[in-house]
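Chain lettering (A, B and C) follows the sequence in which the chains are written, and residue indices restart at 1 in each chain.
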Amino acid sequence: MKNYTTIKDISNLSETIKEAILLKMNPFEFQDLGKNKTLVMLFFNSSLRTRLSTEKAAKNLGMDVMILNINDAWNLEFEDGTVMNVNTSEHIKEAAQVISQYADIIAVRAFPTLEDKAKDESEYVLNNFQKYASVPIINMESATAHPLQAMADAITISELTEKKTPKVVLSWAPHPKALPQAVANSFVEMMQDLDVDLTITHPKGYELNPEITRNSTINYDQEDALKDADFVYVKNWSNYNDYGKILSQDENWMMTKAKLGKAKFMHCLPVRRNVVVEDAVLDSGQSVVIEQANNRTFAAQVVLKQLLENI
Amino acid sequence: MKNYTTIKDISNLSETIKEAILLKMNPFEFQDLGKNKTLVMLFFNSSLRTRLSTEKAAKNLGMDVMILNINDAWNLEFEDGTVMNVNTSEHIKEAAQVISQYADIIAVRAFPTLEDKAKDESEYVLNNFQKYASVPIINMESATAHPLQAMADAITISELTEKKTPKVVLSWAPHPKALPQAVANSFVEMMQDLDVDLTITHPKGYELNPEITRNSTINYDQEDALKDADFVYVKNWSNYNDYGKILSQDENWMMTKAKLGKAKFMHCLPVRRNVVVEDAVLDSGQSVVIEQANNRTFAAQVVLKQLLENI
Amino acid sequence: MKNYTTIKDISNLSETIKEAILLKMNPFEFQDLGKNKTLVMLFFNSSLRTRLSTEKAAKNLGMDVMILNINDAWNLEFEDGTVMNVNTSEHIKEAAQVISQYADIIAVRAFPTLEDKAKDESEYVLNNFQKYASVPIINMESATAHPLQAMADAITISELTEKKTPKVVLSWAPHPKALPQAVANSFVEMMQDLDVDLTITHPKGYELNPEITRNSTINYDQEDALKDADFVYVKNWSNYNDYGKILSQDENWMMTKAKLGKAKFMHCLPVRRNVVVEDAVLDSGQSVVIEQANNRTFAAQVVLKQLLENI
């Protein structure tokens, strides 16, 4: 692995999942690998799980970690040729090259604007870091993708499935705030690469990027979609077509115990209780959200391990 | 020790103080104890001494430390059954369980509102972390208690006393801002468990929680209370009865060299000079505030050590 | 070395530069030196390069690092005898003594007001830390000096010069914001101590502190000044005489490829492209700004090493 900006960077998914599960059993086994190696984590947006799990993963491997929460004092310029006489004080060309000298791996979190679709889809923050950095880049959730979360999800399903080809349903849920499509995008892409039977369900008009979903089943009837599901991944996203807008807050799309049937309930967290999913689901043994969050550490650790082995 | 949320969690105080003093003499002796163990420090309120001394203590024991300054981006829900469709984005149930997976010990700082007495006294932040976390919780100053400070104070008095049973006076002082009762509460409780003769002095109406002070002497006459004191602990707190209000800024309650007599002067810091105490006291050899702050490290270290030994 | 607050603290510059270059070749050689030693970094102003390079340098030497971003919650008092009943909540006397107990070395960043010249020139933040701390102090950019940057600049010139006595030009550049004189001041002082031929060029009226520049050549004709230069250091500073003001934004002072001739281009970064310097310079092989930033690590590391050897 040379970078981990999308799940397409994984060369062998099933081997990687197995390796993550081995790391989980013995997290401190490879502490020599990270010795005198530094992970710089750059947060353009705040973070709880990603921050702690990735930092923990790096330290499990013996790495040093340096964390920068980017604030208004550091406005990066991403355009070429700009006369930088207004707000931006440093160009990504310098920033990425400079940080590369203090880091062996750089991890970046940068959310979408949810206003300018073309700009978001260009992944200008992440891609410019990758373009100008001289060290590997890890995506800690970008405008359109969250591959560390998708890796944790894949590990969780692999650990818990009782079938060779489980039925997995991605079910949209209402939410009071406009959220990115990143988690849903990476989850769909990851499921397409796993041996699962994936169905996506959401209100009409809430289609994700069709380039991502084109090989997957979409069923607008939530009840029908959920039938015989083994894993139900619930997630809100704001509208992709009418970009970044909230067109529905239909409470009927909230996940309930009745709808869930015998399936395992998955969510990336944080989750708004009794909006996205009712208490009865989260407080039941069918919820695996805590285990998913636990697997964030080993998702990050297997990625860091593979990157370190390639340095 | 299973948690350290109040001084009641200490099983053997005199042994613990002795152990802290031994750690102070040889702070790096137990570095194997914390190897591959992680302390997560969560700050709902900012911190200087608590932050640095606790982080130092953990590193002295060989632990890794991960620090999260909680900002507005992470609004926790503490009520059961809420429909979380307004401000709160994550429930403490998930947050505490998730962080427990990245941490071996969690330390939490969460100040009172000083507006809602019942809510503050419920210690809903700290107690909910303890309820849902699967690892030990340390109180880095909560709504009503600051047991790490009280432990440092106990160490300081034990080190410096020349008498078997010194006279210790807790003396209220004026302050322009409304401050919590936490430091005073924990100091009183700690002194009640030590072999000292405790007197509390403050303006009438500034009584602390009577459940805490019921076995201690209260004397409204500051001069009389200070007579023959060996240690004088000066501290402001806002009103407990008329909750969170500033009813007095009477400058006559400021500590002076003349009032102090031959006693040692104690304060938890930060201290407002010439408001809480005059320069002549702080700049004299009778002030032990710097030593108290030094002992914050070893208070935290003995707590972490006892928790680590129980994991 | 006892402190590193100005470049005057360096006892043997040429030996120090040689030592830095050796550290660059083998950064992890002295990891025992920093074992169980803690660097506390205090940022009154935010930082990217200084933060990451200094933290990296400390960890390269095996030190622990604790970082505090000072915010409004911690207003320090620097005056003696003040009645602290308004904004300031802690006096530097206590703060510096207390932090000294948690640190083996303290590094401080505190920018000038650019409003009160006398206050800025008193270096009250840095000097008060040095006055009251009981451990060495490192200047991570103060009101009037940036000696870590100047050390990195000296290393860079020493590494890259092809002449015994290169011609070095410090050339003022326009900038939309009022910037400190700190980088320029320390660069001039450093060049005066190196075997270089220094010329300073800037618009009339933009003279730096004459106590600093009195032994250096000032040439108001930029073209003439740049003739046959080997290294051109470009930097904006706000006016020193009409203190902190922007009296010129004359675009003719921007550095261009044509003006640069065959010289190496230097800048401390961050740099505003096409305002301070045109793209053609930064994107050419003549720019050594990335190497300068790399040398920040080894500048900090040689300083930390010399301080640790003296503890």
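Basically, contacts are C-beta pairs under 8 Å (C-beta built on N, C-alpha and C of every residue); 3 or more make two chains touch, one makes a residue touch a chain.
Just so it is clear, the model here is predicted, and its values are computed rather than measured.
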item: Cα superposition angle of chain B on its copy chain C, in degrees to the nearest 5; value: 120
item: Numbering shared by both copies at the chain B-chain A contact, with half separating same from different; value: different
item: Chain A and chain B, separation of their C-alpha mean positions in angstrom; value: 39
item: Multi-chain contact sites of chain C, meaning residues that touch two or more partners; value: none
item: Complex contact set, residues of chain A against chain B; value: 27-28, 45-46, 48-49, 51-53, 55-56, 59-60, 176, 269-275, 279, 282-283, 289-290, 293-294, 297
item: Chain A - residues contacting chain C, complex; value: 36, 38, 40, 64, 66, 68, 71, 73-74, 77, 80-86, 88-91, 93-95, 97-99, 101-103
